[in-house]
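As written, the chains take the letters A, B, C and D, and residue 1 is the first residue of each chain.
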Amino acid sequence: MPDVVFPLDSTKKFVDQEKLGHNRWHPDIPPAVTVKQGDSFRVHCREWFDGAIVNDDSADDILNAPLTTVHVLSGPIAVEGARPGDLLIVDILDVGPIPQEDSGPLAGQGWGYTGIFPTQNGGGFLTEQFPDAYKAIWDFSGQKATSRHVPGVEFTGIVHPGLMGTAPSAELLSIWNTREAALIATDPDRVPPLALPPEPQDAILGGLVGDAFTRAAAEAARTAPPRENGGNQDIKNLTKGSRIFYPVFVDGANLSVGDLHFSQGDGEITFCGAIEMGGFIDLRVDVIPGGMQTYGVSENAIFMPGNTDPQYSEWLAFSGTSVTLDGEQRYLDSHLSYQRACLHAIDYLTKFGYSPEQAYLLLGAAPIEGRLSGVVDIPNACATVYIPTAIFDFPVSPTKAGPHRIDPGIGAPRSSF
Amino acid sequence: MPDVVFPLDSTKKFVDQEKLGHNRWHPDIPPAVTVKQGDSFRVHCREWFDGAIVNDDSADDILNAPLTTVHVLSGPIAVEGARPGDLLIVDILDVGPIPQEDSGPLAGQGWGYTGIFPTQNGGGFLTEQFPDAYKAIWDFSGQKATSRHVPGVEFTGIVHPGLMGTAPSAELLSIWNTREAALIATDPDRVPPLALPPEPQDAILGGLVGDAFTRAAAEAARTAPPRENGGNQDIKNLTKGSRIFYPVFVDGANLSVGDLHFSQGDGEITFCGAIEMGGFIDLRVDVIPGGMQTYGVSENAIFMPGNTDPQYSEWLAFSGTSVTLDGEQRYLDSHLSYQRACLHAIDYLTKFGYSPEQAYLLLGAAPIEGRLSGVVDIPNACATVYIPTAIFDFPVSPTKAGPHRIDPGIGAPRSSF
Amino acid sequence: MPDVVFPLDSTKKFVDQEKLGHNRWHPDIPPAVTVKQGDSFRVHCREWFDGAIVNDDSADDILNAPLTTVHVLSGPIAVEGARPGDLLIVDILDVGPIPQEDSGPLAGQGWGYTGIFPTQNGGGFLTEQFPDAYKAIWDFSGQKATSRHVPGVEFTGIVHPGLMGTAPSAELLSIWNTREAALIATDPDRVPPLALPPEPQDAILGGLVGDAFTRAAAEAARTAPPRENGGNQDIKNLTKGSRIFYPVFVDGANLSVGDLHFSQGDGEITFCGAIEMGGFIDLRVDVIPGGMQTYGVSENAIFMPGNTDPQYSEWLAFSGTSVTLDGEQRYLDSHLSYQRACLHAIDYLTKFGYSPEQAYLLLGAAPIEGRLSGVVDIPNACATVYIPTAIFDFPVSPTKAGPHRIDPGIGAPRSSF
Amino acid sequence: MPDVVFPLDSTKKFVDQEKLGHNRWHPDIPPAVTVKQGDSFRVHCREWFDGAIVNDDSADDILNAPLTTVHVLSGPIAVEGARPGDLLIVDILDVGPIPQEDSGPLAGQGWGYTGIFPTQNGGGFLTEQFPDAYKAIWDFSGQKATSRHVPGVEFTGIVHPGLMGTAPSAELLSIWNTREAALIATDPDRVPPLALPPEPQDAILGGLVGDAFTRAAAEAARTAPPRENGGNQDIKNLTKGSRIFYPVFVDGANLSVGDLHFSQGDGEITFCGAIEMGGFIDLRVDVIPGGMQTYGVSENAIFMPGNTDPQYSEWLAFSGTSVTLDGEQRYLDSHLSYQRACLHAIDYLTKFGYSPEQAYLLLGAAPIEGRLSGVVDIPNACATVYIPTAIFDFPVSPTKAGPHRIDPGIGAPRSSF
């Protein structure tokens, strides 16, 4: 186990830890730790809501989840000698739930959660169909997860960090704020919002204090979207064994990481669709000087995924096209096509006894794959979603005999305003 | 080899064959052949342009490709006893290029093509960046393809039908025409168009003649988009060993198939991005009576892909977000995110010596995977594209040593208006 | 499809074909055809018994199978410029059953067979437990095989040539004959024999005639064993996409091929354990001059298997050690360990309703994997056999509920002296 | 993390720990701990030589390794209610090196070792060719291992317990001793020995003391061989996610485990061919009452391997037949065939610059696969060994250009008597 450069104590809140991380992007946040090129090190990560979501059978915590507090990130980690224009190589050596703690009140202590956020507090991919709050608790047993709220399935986690990235430069931050403000301005009162402007409330900015804090908090970018620096990409294949190449925008690169997921389906469709948890991640860093120019990587991470993901040989797949549920034809809208493919999968699973929200939670958390299958056949994009059949403990393919009916159990807890 | 129920002679045009297929969707097109439930049979397929694209070093044929003639489809094949509301099970037993003919003037005779269509004649996924016509010819050797126009790569084909589907009912056809007309009406002069209305010119409707032909040709749907009946889904994983479940909308189901691809990347991004060819497909059909209701499959195919695709253990991946090249922030636009990811991949490959159009053609034709990685992190969707590194005959990952430079050879033929 | 350089007519016996192959190894057999380095070409192959085994429900043909007639091989194929000391590169571009012929009396015409040979006529891996003759007929549907004699299973074929190799030099042939004669001499009357000496009866030696034939037939090596030249290696992974490197012992290399298998388990344990058939194989050849010395390959093929084998993600495995069924401890005998592992698998499968011979036939024909797991832990070697659970159409893993019972159907035909 | 039921302190010798394990098999060894059916729990494991092998550049410790002390095992663990005749289900939830200790003097603290044992102290698979002692130290970085003694390779570990099994009954123990004594009697002075008789010296028997200890030590079985109870099977695929079914011979089943390996090739060919280490293993146990009879599992484990092993898509394979290096023909000897295949692989790798012992150590430790390819083609069995090409950081396949030469570095330490 490499040295822990960013330790966390599971019993303390994020702001009471030995080292203070951050929950906004800003170039002025000073490094919490500095490492050398070639170093391997361990970083502890807090679950993204800092413990606000609990292991119970109510969705009230999801309903009222404090979105201004997220994502609590570990870092920044400065890499000696990294300069703007370089590519930062990050190897994920290992990643997992909180080590040596398999029970307790904090996600990552032997359990994690998936939430469907209500339309009025975040929403999600299918928020029109699922406007209320729902939650599923997943229990970890070794590599596998099961849920009392979604019976009949068990799957091996593809553990990964939902969020990792380098610090933006002042110039890049300004670009973000400008372009996102312009989008918000097109419909400022939309619920859920089109984007999230800087929000000083609940901002945590590591070592920044006083005026520097106040100034930075007013302009620091929210962590929800993935951007040029990587960030909240929620790529489920960034698991152990992966190598990522991040653009460097500030001296030291200033890498931060958090939002660990025990498992996630492509798209993380329920918003908090992954199985959220705290835990650890072991990283090794290196630098390709001038790599951004050399390799034409001006923005967004490129990466090579690991090769130890669980293998499945049988999948059940659903397709969707860019026609709305109301029958309106849209033009090559792969986002809509994927919504329709997911809704088809949900419709299908309800025939086996699941409630729609159980099926939705399952698609968010299980290792499903979402593909852009056809993107040019005007006017319909075709997207597909693949579910590995082995995660079910009953036969799930269509047959002349009709669907096997499961007992849906207690169902997924629901809360609404 | 099962019996050939829809034979084609490579030396004759589509309209001069023993059995006449069709290139539009319409419920009145009579079956060209009828099979029983449980039957296995072979269908010959013509390449989608009926031989208009040739094996040479010019892109003039792509520039002037007769889009009103596509797709030439084999069928309809009626399945005895299939009724509206059933699910039609279609097993792809085998699929490949034209058997026993490995050289000749027709795509499928030992070769195939990928085209980038010009903006004024179809366009494509990245038509703003690539407004002209380009072509790549691929030569088949056993399971593998290489191209004189895209050197340095060789890959095993994932052969599949780009287009397969059941006939629409009159009601369904009417819905299509209504909703697509509404879309077209929002910008009727757009180039390329938003959608394609019915087009009597060059319509081929199998056994329909006289008034029936004229009436049907005026309302028959174009085959470009995938729709509720399956159709031009261009799902690269529908390869041999796959089982597909199609909704049935008319008596007999009336299955048609065509647009065979030797290989394709997820999305078929260059419009004619697959390696197009003629060939054969062996199918077995069966029926789940009432399956649409039983399994909640009211539209769009569901399927189980085969398990003999080539396996790759190392991938190089690129990510993109929903910000335009001009820096405009869009709201959760996965389609745009995938465009940006693909453009990143193209930028990267040019550093190794490829021209941008060579890289674009490669992404269309090779077994790349396109994923919807994050669809909820407002305002940025995150899409990713994965390229198997083993298809290159040189090291293609980023290193401190910098990129290996290839000889791009004669390049991809280009034509423009 | 590449040119057919060695054609066969399914309606004619091996000796009545346009080109005459051979069924013994001898350096004097002249090439039946000559190709150039870099050439791709197609070779037809006759099933190894030249049609003596038929598609019926009797095992009499296995009981009396004419072992002196095998293996009927296509070739020799001379490669221009290949010299002793070179490595011959052979790419398997494609391989399959007899094209365009899916029904008929010859194995390869839509069907194949697996035989358990009786102790008095060949024997097999478990001949002490299975002294009689049994047969299973397998029907091909696309890539998949099923059998009326072994119900409840269906699997995708890993088609491969059981036998391919280069001609031996006179010196190498002499070594073979000397060392095998010495082994036979240790127990000359053993049934089944320890090895097979040269056998002029039923020898076929291509273009050799007269005295040359008589002389060669007296010393030509039988084709049963794999040897330095490759030969009857029965490696199930030599499927399409594979590249093999053979040592070259004579001018032209003189490659021969036959004994095609639709599928086989590791070890081909029932002797004729594969699914035997005739068919075609497309090859491309090249030469590494002096490659034997350069790469230290003085004997036996080295190879790189293809990457399109069916993928399985769940396996049921059995282990065995080197203790005989009578309880005698042997010293590190992996061969015995594998026998014990296979017997364990057979015992297990009988609990589900299979007869022992059905289970044995299945292990020979299905894509099972046999591993040398431990070879140093004195005195017990540990061998393991892995069965993909997906080939069964019922759940086959141990549970508290006990085994699912299948209907074994008509069983495997049996014949005995 | 489940509760630790068998803790170990890395700083203390095996006999000084809080709980005392054992290094012999005997039914009278009392359980060290008792668990319930369905329980999950963690067990610490000591490396098999209890720390006698150190992280340095000498092979003296291998030369003089105290073989009478092995294997130090954790357990027995009794499972409440398990009875003779049952099947014990053991799920491997997780397994890895010593947690939270990545450096230190004990194998498992961030490093492990592979040894070639000298002929006079254990020997190995190829002891005739490699009579001296050699050692390689492997460093762990996340999931991957590299070695200063074997440069140019890096691979992901397939972590597994080399040894796990249930306690024998008194009757079974007696059978072992009788049959192994009979084998030893055929050549009692052989070096290395044919088998290992009971050895009171250095015997550790958990809670047994006094006369009970003395009596048991005289008859307790050595742990080297795998036997009916599982034991030292060294099956590299028993990694996390695996489910094993062990026969139960005594009340409580009395499971023991040890001999953890970071990685191993099929066969563990250098005797101590795996990468040996201490660490932890998380298990969950359950029972199928009467399962031995129900499923026909009278002996030897059956198992279902996990599905998260590293995936490789390109392999280089070598074949061997049952002819000795001296040219003597043996009868269907798969053990010999595998030796010849491994020797071919070693010869090949030396052409790239490795010393023979580096190549041998590599084959023992890396995730190579050993297959029983042909076991019936008299007189030659065919065995094959597959090496994943991706573990090398240089191209390792044969080409016309000849082999890439590596710098073998300091080589593998060697010691001899």
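In this section, a residue touches a chain if its C-beta (ideal position, glycine included) is under 8 Å from a C-beta of that chain, and two chains touch if they have at least 3 such contacts.
This one's a predicted model, so the numbers in the text were calculated from it and none came from an experiment.
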{"item": "Chains touching both chain A and chain D, listed by label", "value": "B, C"}
{"item": "Selected interface, A-B versus A-C, where C-beta contact pairs are more numerous", "value": "A-B"}
{"item": "Distance-maximising chain from chain D - centres being C-alpha averages", "value": "B"}
{"item": "Same-site or different-site touching of chain B by its copy chain C, using the half cut", "value": "same"}
{"item": "Averaged-CA centre spacing for the pair chain C and chain A, given as whole angstrom", "value": "51"}
{"item": "Interchain centroid distance [CA atoms averaged], chain B/chain C, Å", "value": "40"}
{"item": "Distance from chain B to chain A - Cα centre to Cα centre, in angstrom", "value": "32"}
{"item": "Multi-partner residues of chain A (each touching 2 or more other chains)", "value": "307, 310-314"}
{"item": "Touch-based graph of the chains, sorted into line, ring, star, complete or other", "value": "complete"}
{"item": "Touching residues on chain A, where the partner in the complex is chain D", "value": "1-2, 40, 91-94, 99-102, 110, 141-144, 156, 240-241, 282, 284, 306-312"}
{"item": "List of chain B residues in touch with chain D within their complex", "value": "310-314, 390"}
{"item": "Contacting residues of chain B [partner chain A, same complex]", "value": "87, 89, 124-125, 175, 179-180, 182-183, 192-196, 224-228, 232-237, 245, 266-271, 273, 288-289, 291, 294-305, 307, 313-321, 323, 327-335, 338, 340-341, 344, 347-348, 350-351, 369-384, 386, 389, 397-400, 402-403"}
